[in-house]
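The chains carry the letters A, B, C, D, E, F, G, H, I and J, assigned in the order they are written, with residues numbered from 1 in each.
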Amino acid sequence: MLFHVRMDVNLPPAMPPAQAEELKKTERELAQSLQRSGQWRHLWRIAGQYANVSIFDVAGVDELHALLTSLPLFPYMQIQIMPLCRHPSSVRDGDA
Amino acid sequence: MLFHVRMDVNLPPAMPPAQAEELKKTERELAQSLQRSGQWRHLWRIAGQYANVSIFDVAGVDELHALLTSLPLFPYMQIQIMPLCRHPSSVRDGDA
Amino acid sequence: MLFHVRMDVNLPPAMPPAQAEELKKTERELAQSLQRSGQWRHLWRIAGQYANVSIFDVAGVDELHALLTSLPLFPYMQIQIMPLCRHPSSVRDGDA
Amino acid sequence: MLFHVRMDVNLPPAMPPAQAEELKKTERELAQSLQRSGQWRHLWRIAGQYANVSIFDVAGVDELHALLTSLPLFPYMQIQIMPLCRHPSSVRDGDA
Amino acid sequence: MLFHVRMDVNLPPAMPPAQAEELKKTERELAQSLQRSGQWRHLWRIAGQYANVSIFDVAGVDELHALLTSLPLFPYMQIQIMPLCRHPSSVRDGDA
Amino acid sequence: MLFHVRMDVNLPPAMPPAQAEELKKTERELAQSLQRSGQWRHLWRIAGQYANVSIFDVAGVDELHALLTSLPLFPYMQIQIMPLCRHPSSVRDGDA
Amino acid sequence: MLFHVRMDVNLPPAMPPAQAEELKKTERELAQSLQRSGQWRHLWRIAGQYANVSIFDVAGVDELHALLTSLPLFPYMQIQIMPLCRHPSSVRDGDA
Amino acid sequence: MLFHVRMDVNLPPAMPPAQAEELKKTERELAQSLQRSGQWRHLWRIAGQYANVSIFDVAGVDELHALLTSLPLFPYMQIQIMPLCRHPSSVRDGDA
Amino acid sequence: MLFHVRMDVNLPPAMPPAQAEELKKTERELAQSLQRSGQWRHLWRIAGQYANVSIFDVAGVDELHALLTSLPLFPYMQIQIMPLCRHPSSVRDGDA
Amino acid sequence: MLFHVRMDVNLPPAMPPAQAEELKKTERELAQSLQRSGQWRHLWRIAGQYANVSIFDVAGVDELHALLTSLPLFPYMQIQIMPLCRHPSSVRDGDA
């Protein structure tokens, strides 16, 4: 099941750089692990923004919510979710 | 070069059904042709909306604009474009 | 899987009353059938609006989209969807 | 009488974790007590958000306001209320 | 129970003047009857707008919805409702 | 002359409780005095919000501005004003 | 008493040109008469818009509303009103 | 050349009162000097807001920008500019 | 003097194609003439939109307004204007 | 390839002036170097705002994103990007 997720990151200016770096490093490792497992199907940077557009491929809403809230940057992100489904004009059956 | 495109379709209620069907049929054929050529990389329906989220993979902005304005439904669509780039945490080099 | 759906209805003023009545009647029959099958779990009128808030309990996004687009009033509705999940403070396991 | 309530929580980043935990714990106990009394009829997490959608079943607006302002997280929440009523197509008389 | 209601009226430009006058006349009679019964407690014109701000004093949400949808201009109005309650600094117990 | 005023209060989280209480106490006393003088004609709490809807009955805009800026909470409030006039369907001449 | 008024004009595209011209002519005559009487103190075109910013100097809200609704273009205008008062840094006592 | 300028002031709550007073005093002196020179043609307080509406009469955009950025409160203001021109229905040639 | 202008075009769907073509042809000729005279300094299409971003270099606001309202498509355009001035970091004195 | 970029700068009020000056100085040097290389084709100040409108001429989205994120003020800017293409009515082939 596919979900379109936009994440905008806002780190507080007062956060010590070391803490920010640690957060980003852990975030990156988890993001890459979820990409390799196939759950985080696409991950793109929006040009000029500290934000991304992602496609998640999960078994359901609970799994999606569990993944998102497990992200180290979750407390600093604004997240918008749109459920997706197959487009009748798509040439691919499982366009993940 | 990747672009995130959202298209919302609004056909005028007074359009004769035959004309609407003809428009949609031509649109579908062109959309499928562009998917096969690799320019229209992804095409998803937004659940509950007469709208889609698409990823285009084109040589540049001019090609993107030419593709979008060639769509039969273009006069009836509201279109929003976001340029995308590779995310530093992506595990794939060319995540099209 | 639960989804929160808000539907705002806008019938064109020029629609003949008989056609509007027929649409609403078919809509009501389908809505009641889907409530009885358990897929349309809740249906409330928003006070003072020609709009409703609904909770759907479906197997996934595709089923939700199929249900919504099968509604006779679908072409005349603006629809917003929010995926829901179990709240950690809920006292009920399956709060449908 | 049913009211649709959306609550978005924003804890200040500088709040000490122990204070936040204590607030959440007290909030959870009160939320569960109000669910058991039947006043807080439904409580769902909005996926990907520190926010919930709730249905309250109360005797009137004063009772609703008293409940909401008694929540320990009230000073940190943005709250939107929509009065609901029975939908003419609902198959249930008292769809709480 | 008090509700704050804002109504913005939009009559279609193509409506024949006689029909518009008849609608407004019936609306006025009903509005005055509801004011006399005490249910429509206040009715003010917003300066420069074809819109009003009203205070309704009703037994509950169902009665409010029934009143509003019975108005002849209801199909041509955009309505926003805010539930009100007694303000702790009010000097009057029942400030209707 | 009637004015519809909405006030949303935002006290800074870092304000010492004693200072907040003192502000609210002085605000309440002034609000009650202005209600008794007839200038602050109505004062209602918006349910679920730290906000109120008020009706002021003043000699003109200067008096209204002087009253609002004299409120102890003024520096912490967002204020929206709408001038009101008699509604042609009102049954009361001076509906204050 | 001064009020800041912004008027945006939207004539329906289907209005016959002769009717539009007649409306504008009558509007202009009334606008000029109200400027000469001192009630319509300033009248400026917003560059690039079919819209104006105006300053009215009237005895009160009722007079303002009566003036605005007497304008021939009133049914085709969107109007926003802001009450003004003397600025403490103004060098003129009656800055109309 | 006339420009319509709206300025909303937001002083940080933590600013020491003496500093705020000094800023406002210098602002007032400059504002009055610019009014006397004819560049700051009108200055009105928006009722209930820490905001003003102003009309500037300057030789061009560069002069306007230089004036605005020279204001002591500039770093604490949100500014919106609309270029104005003579309205065809104005009775005054140079309606400054 | 430079102004940033965004124009969004909305031709009514019912306009006969011949009339639309004639309008666009006259518009193009005038746009090109104004570019050659140096008043319409830049003209870019916004990708995927029936809209443009333009830079005008004119003697003042009156000239800008006269140019814009002389465009054949003016009645069908939504126009937003932002006055520009030289940026202190620009390497060019007259960056038209 | 042309991109329209708007940048709004928000320096935190608590930033020490020396740090702010250093940031702005480095920003200016980089901005001027990018203008001389032809990548930052235009740079205008929006009147009355701490904001600019810029036109970038780059090989693609990746180059644009790399340039923007290399700016010293990037962490303090809100950035909006619109891809541009040649307008059919432009008199210049390469209107950079």
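To be clear about the criterion, a contact is a pair of C-beta atoms (placed from the backbone, for glycine too) under 8 Å apart; a residue touches a chain by one contact, two chains touch by 3 or more.
Molecules present, by chain and UniProt name: A, B, C, D, E, F, G, H, I, J = Muconolactone Delta-isomerase.
Predicted, not measured: the structure shown is a model, and the values here were computed from it.
Chemist: Starting at chain F, find the fewest moves between touching chains needed to arrive at chain I.
Modeler: The fewest steps needed to get from chain F to chain I is 2.
Chemist: Spell out the chains that contact chain D while also contacting chain F.
Modeler: Touching chain D as well as chain F, we find E.
Chemist: Would you mind pulling out the distance in Å between where the CA atoms of chain E average out and where those of chain I do?
Modeler: 45
Chemist: Give the residues of chain I touching no fewer than two other chains, as numbers and ranges.
Modeler: 2, 45, 47-48, 61, 64-65, 81-86
Chemist: When you draw the chains as points and link the ones that touch, which shape shows up: line, ring, star, complete, or other?
Modeler: other
Chemist: Judged by the touch rule stated earlier, which pairs of chains are there in contact?
Modeler: By the stated definition, chains touch in these pairs: A-B, A-C, A-D, A-J, B-C, B-I, B-J, C-D, C-E, D-E, D-F, E-F, E-G, F-G, F-H, G-H, G-I, H-I, H-J, I-J.
Chemist: Please output the residues of chain G touching chain E within their complex, sorted ascending.
Modeler: Spelled out, the residues of chain G in touch with chain E are 5, 12, 61, 64-65, 68-69, 75, 79-81.
Chemist: Along chain B, where are the residues that touch chain A in the complex?
Modeler: That would be residues 2, 4, 27-28, 31-32, 35-36, 42-48, 52-53, 55, 82-92, 95 of chain B.
Chemist: Of all residues in chain I, which touch chain B in the complex?
Modeler: Against chain B, chain I makes touches at 13, 45, 47-49.
Chemist: Would you pull the chain F residues touching chain G in the complex into a rising list?
Modeler: Those in contact with chain G are residues 1-3, 60-62, 64-65, 81-86.
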